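Sharing a structure here in structure tokens format.
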Amino acid sequence: MTENYRTFSNGVPMSTVSVEEGRDGREPGRQTVAILGSGDYSRSLAGRLVRAGFPVAVGSRDPDRNARFFTQQGAAVTNRRAALSGAGLVFVAIHRENYPALQADRDALAGKILIDVSNNTEIHEGESNAEYLARSFPDSTVVKGFNVLSAWSLSSGLFGGSKEVFICSDDNNARKTVMQLAQDLGFVPVDYGSLRAAREIEAIPLRLLPSWHLALKMFLGVFIIFFLYCLYRVVIFRAITGTNQASHIPVSVMNMTFAGTAITLLCLVYIPGIFAAFTQLYNGTKYKRFPNWLDKWMLARKQLGLLSLLASIVHAFLSFMIWSPSYYARLFEQTATPSGDVKYGKLRWSGETFLLFGALSLFLMTVLGVSSIPSVTNAMNWREFNLVQSKLGWAVLIFAIVHNAVYGAEVFTLPGLFSSYTIAVFQLTLVLPAILVLMKVVISLPCVGSRVDRIRRGWERNKPPSRVAAPEDPQEETSLMS
Amino acid sequence: MTENYRTFSNGVPMSTVSVEEGRDGREPGRQTVAILGSGDYSRSLAGRLVRAGFPVAVGSRDPDRNARFFTQQGAAVTNRRAALSGAGLVFVAIHRENYPALQADRDALAGKILIDVSNNTEIHEGESNAEYLARSFPDSTVVKGFNVLSAWSLSSGLFGGSKEVFICSDDNNARKTVMQLAQDLGFVPVDYGSLRAAREIEAIPLRLLPSWHLALKMFLGVFIIFFLYCLYRVVIFRAITGTNQASHIPVSVMNMTFAGTAITLLCLVYIPGIFAAFTQLYNGTKYKRFPNWLDKWMLARKQLGLLSLLASIVHAFLSFMIWSPSYYARLFEQTATPSGDVKYGKLRWSGETFLLFGALSLFLMTVLGVSSIPSVTNAMNWREFNLVQSKLGWAVLIFAIVHNAVYGAEVFTLPGLFSSYTIAVFQLTLVLPAILVLMKVVISLPCVGSRVDRIRRGWERNKPPSRVAAPEDPQEETSLMS
Amino acid sequence: MTENYRTFSNGVPMSTVSVEEGRDGREPGRQTVAILGSGDYSRSLAGRLVRAGFPVAVGSRDPDRNARFFTQQGAAVTNRRAALSGAGLVFVAIHRENYPALQADRDALAGKILIDVSNNTEIHEGESNAEYLARSFPDSTVVKGFNVLSAWSLSSGLFGGSKEVFICSDDNNARKTVMQLAQDLGFVPVDYGSLRAAREIEAIPLRLLPSWHLALKMFLGVFIIFFLYCLYRVVIFRAITGTNQASHIPVSVMNMTFAGTAITLLCLVYIPGIFAAFTQLYNGTKYKRFPNWLDKWMLARKQLGLLSLLASIVHAFLSFMIWSPSYYARLFEQTATPSGDVKYGKLRWSGETFLLFGALSLFLMTVLGVSSIPSVTNAMNWREFNLVQSKLGWAVLIFAIVHNAVYGAEVFTLPGLFSSYTIAVFQLTLVLPAILVLMKVVISLPCVGSRVDRIRRGWERNKPPSRVAAPEDPQEETSLMS
């Protein structure tokens, strides 16, 4: 155990390193671990292994040139054959293209556990690197793992990734050994089963926010529709009638667009739950799978909610920026000055109500957003999570509808509202919420609601009544966030 | 180990599943686990057990009808007796009402560990489900646990609840076995001791934000008092004198109410610490328990702080919305126009100071709020937490008082301030902060402060001096957030 | 195991307590643990040990007086010698000054593991408490640990510190035993190696946000420079020419200062990455260490980013507060009234563009800030983290530059801009971003960029070409956030 065992370059200690008892009771009797390859990853890995008390032998094609990188880590650098001689576990930290070059040491690798830590730069179909390695070296046991770690996270234990390490192998013992090693190094091993899962494991570092894809597409679609419609109403239509409003695109038009997008996305959070209930009613059972699109939509609800929150915040900011009688004349008290001018005073009741509901809606939505932070979510039980995400969410929606409707009611009295032969933006915005609320009312009617409840407790329309009336499942939970 | 072992319905892998070594070194030698009941919970549980490498036998009253739900999970569905035959661990996933029906298989259950996973739909006093099960089957060993998990969290490992599983039993070995099982399934077992604790464990899923109850009550009380007083000052009193201000209830009145509530709640965060110090001074020791109400109040401080932050944010939003000379005339420069009208220019020094302190106060309070997010709190040591929560909190309070006082000083010069025979809202708001600051000054006086410090280090007024002068405890921590 | 084993004072259970199997299969066969000292820390520790199933013997100089504090904990209080008799593990929970008094029980301590939990009230150089204890009792084995826990976190398991416990000892077996004990008590042990590390471990609770020091210094420096310059431009220079603007220091001057600080700090986040690339280009290798100041700067980037976000938020708030034609006349449409006055209408295109980019910049920066919350960061892989922190960060910077430049372009047309013989604040603010963008463009030029990429893949200017062309390291990661 060298002196630099205890402190790291940036003063952050490695977490949860359990030191296994050595045979003589004084020195930790860790078995030597070999690392093939001498790149950044090998260097960081060597440091981490040494700090956890493992003797490390680095096998390099050019030990003299590369030894200098490992001095600080306290690992010995030799040629490959020498490094492999005393080790049972071998990290293969070289590129897939160089696997054939390992055939020279085939006999030295036989009977050992090879840990494939490689990654690809792009997703490719078919055989994974680890399977290829296993096929090339049938006398060795191949385990896939550690590829989700970067050299940076290995050497610092710091941010830029979780502490989970995904491990798979066709050999249960080898997998167990490597999972133990991962734990000894301070990571959380996750068992992925047989080596075929290496295809999935190698795809993980290439993942790019997959849970956000659908939600972002919906956001973009809704945003573009509202933007084009607002552009038509505010700019194009008026340009035809002779007023140039193009200078108001950046804030006025964007503001309407963000407002419409925010409320529409919030509806899109709650619509799939209603659809699910209707689907169950139609099927007469909860045991039939939902259509695929509905499944995907339901899984995108959290992201849709967060995007709605972000759109609401931008809307609120832009609104503050142009909050004046110049933009919202009808919401203010007006008096005629002697000079024939109009003078604006305080807000009328409608202006104040409009603002209050907007503020409350945004404020409660922020609470919803905060409750989505993983460590906050984890502190809640199911009932609490349901209260916040479902009940509070509906309150936000109702407040947002009132906010919009009060504003609309005022605008409604403006002359020339219908002269453009199209409905106003605020009216367009209200269509989806109106349909959603209507559906929610239908699904909550006693006659319909009790049927939905029964289905969710396990009742089926087309099944023979069971001998015992009570359902068997102890957790009659209702569907998520419906 | 079937093919669907590795992937889950939504692509999320189960965490931290340790695969135990099998006897032949190739197959994991897990013992068969039986599940009685075939509802949603059983289905999700079966899937999770199979993925962790356990052979699962589901016992159903109607195996033919229910087998279809378990095909995807890879679990065998038979009648109860057959399911029990090879299993040592038995999950009892049926309702309490159906426990008597299990008497038919009493002999098959004898000698086995029964895991009671049931929940109730409402809190009921007296014997828990698990104790009832243990009384009904004295030849079996009953363990309570896993009831805090929903079918959803079992099948996905996802949000909607923490990963902690609470376990209790009168048999230490059985409890240990089930805790190990929980760990193998990727959960964090928490030992609750003997089976009587099942009463508490069964109450957990019925809990509804208990730590928020007191804080929310205080919030509501303060809010209503301020609302009624503002209503009287702004609307009712003026209505008597002939001016109708009812249209300004939604924003103007609410805004004053939220402002007063925010600063009062912030005081309520720091008052119990002062009370605690005075109580210790009065008792002459820190070893006497605080009165119950003070204990509860001290535990509600974090929630009070967060509610104060939320009230502050709403106050800031409403203020922005009506930020204009129409509402805050005295804070702006005024010039008379030739036509005899008043024209408003930039802010006066008081207006600018008022705003700066409001912004700084809110800004620092947000930092306080962010530091309350569990994963942020966990990254801090005691000294850092104390710096942020105590020092920064007092800074916020002082800034908020200045914000209020500067505004008040300006309003003070308005004619007719005292004509309503009551004090202004800003004056009412300042009463509690003034008392708090006064108490804090008293408690910080050298003569008083040193006495408090000595008490907190273990000194007692009525105890004989110990032989060694220095106190024994190595961590002379001061009381939380005083 | 007493009745109060299961519930805690505030109803929060201890986490992850593994109950070890007892010899008779019914009682947990835990070995007795002794605690020397009877202060708050001892009391909380005793409670935690008892709840985890350990028999606890508290050794006090005055057992009769102190027994009352441990009644609730279920621990026996005796004199020191009696407490030590049956225990193998001894917590030494007394002050360093009192270590000599333990010499009276030297023989009773021999052969036992002493756990030094002491802290200091200030950092002191040289020998740690634990090393002093080890030197004083050479026949005992000293382990340092548990000092990062407060009495509060021991008794509640609640906030005010992480669950990590740092442990070191010169004896591997003893260290291992104490790490296991920490795990049994629900903490996460971290191995710090030999006893010399006690110096570091004892310094941890005295740490005060070390990662923030450099970033806060930079923030203060930048803030003061901008404040003084704004003060000169807005107040001092104009005072000379006869206009008193001192009343606008709190908001107008502070607002400019915060705006300049925000954009400058954001530049300071991205400059070290550019410097690092240039350094690597100059060195012709990535294997040469960066100068120390660059290393430190790179580690301060997260904190600099968060401070920039906070400055931006304050800037946005202050801007809202004075958002009116009085302050930003040139951004509004102006019409002359018949009375010769100027009347302000809606925003001009420049005003709207200026606001939109400000809002988008702040909005995306908030997303960046949220992604820095530990539990959110942990949910992302390297690629996702890089996308958010690097790509999104540059977008924020570009938006902020446009926000500033559009405003500047408008102000530029004001008469008398250069009459103060100094550049305007907005111009000063743009100098650093301009340099940064220029450097980024240079580093991104194909000829330069490909060279940087090659260096980061391991290529070196002055090394002999290796036999195999492909690099050895599998993870060709680019440098963090460059």
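Observations on the structure shown:
Chains: A, B and C, in written order; residue numbering restarts at 1 for each.
Keep in mind that, in the parts below, a contact is a pair of C-beta atoms (placed from the backbone, for glycine too) under 8 Å apart; a residue touches a chain by one contact, two chains touch by 3 or more.
On a predicted model such as this, the values are computed, not experimentally measured, just so you know.
In this entry, chain B maps onto chain C through a rotation of 120 degrees when their C-alpha atoms are superposed, rounded to the nearest 5. Residues touching across the chain A-chain B interface largely differ between the two copies, under half of the numbers being common to both.
Inter-chain spacing, taken between the CA centroids of chain A and chain B, is 24 Å.
Listed for chain C are residues 320, 324, 339, 373-375, 378, each touching two or more other chains. Note for the complex: chain C touches chain B at residues 1, 5-7, 10-11, 13-22, 25-28, 37-42, 52, 60-62, 65, 68-69, 93-95, 97-98, 101, 117-119, 121, 147-148, 150-153, 159-163, 204-209, 246-252, 254, 310, 313-314, 317-318, 320-322, 324, 326-327, 339, 341, 373-375, 378.
Those residues of chain C lying in contact with chain A across their complex are 164, 166, 168, 171-173, 175-176, 179, 188-194, 196-197, 200, 210, 287, 299, 302, 316, 320, 323-324, 337-339, 344-349, 351-353, 355-356, 359-360, 362-363, 366-367, 370, 373-385, 387, 458, 463-464, 466-468, 470-477, 480.
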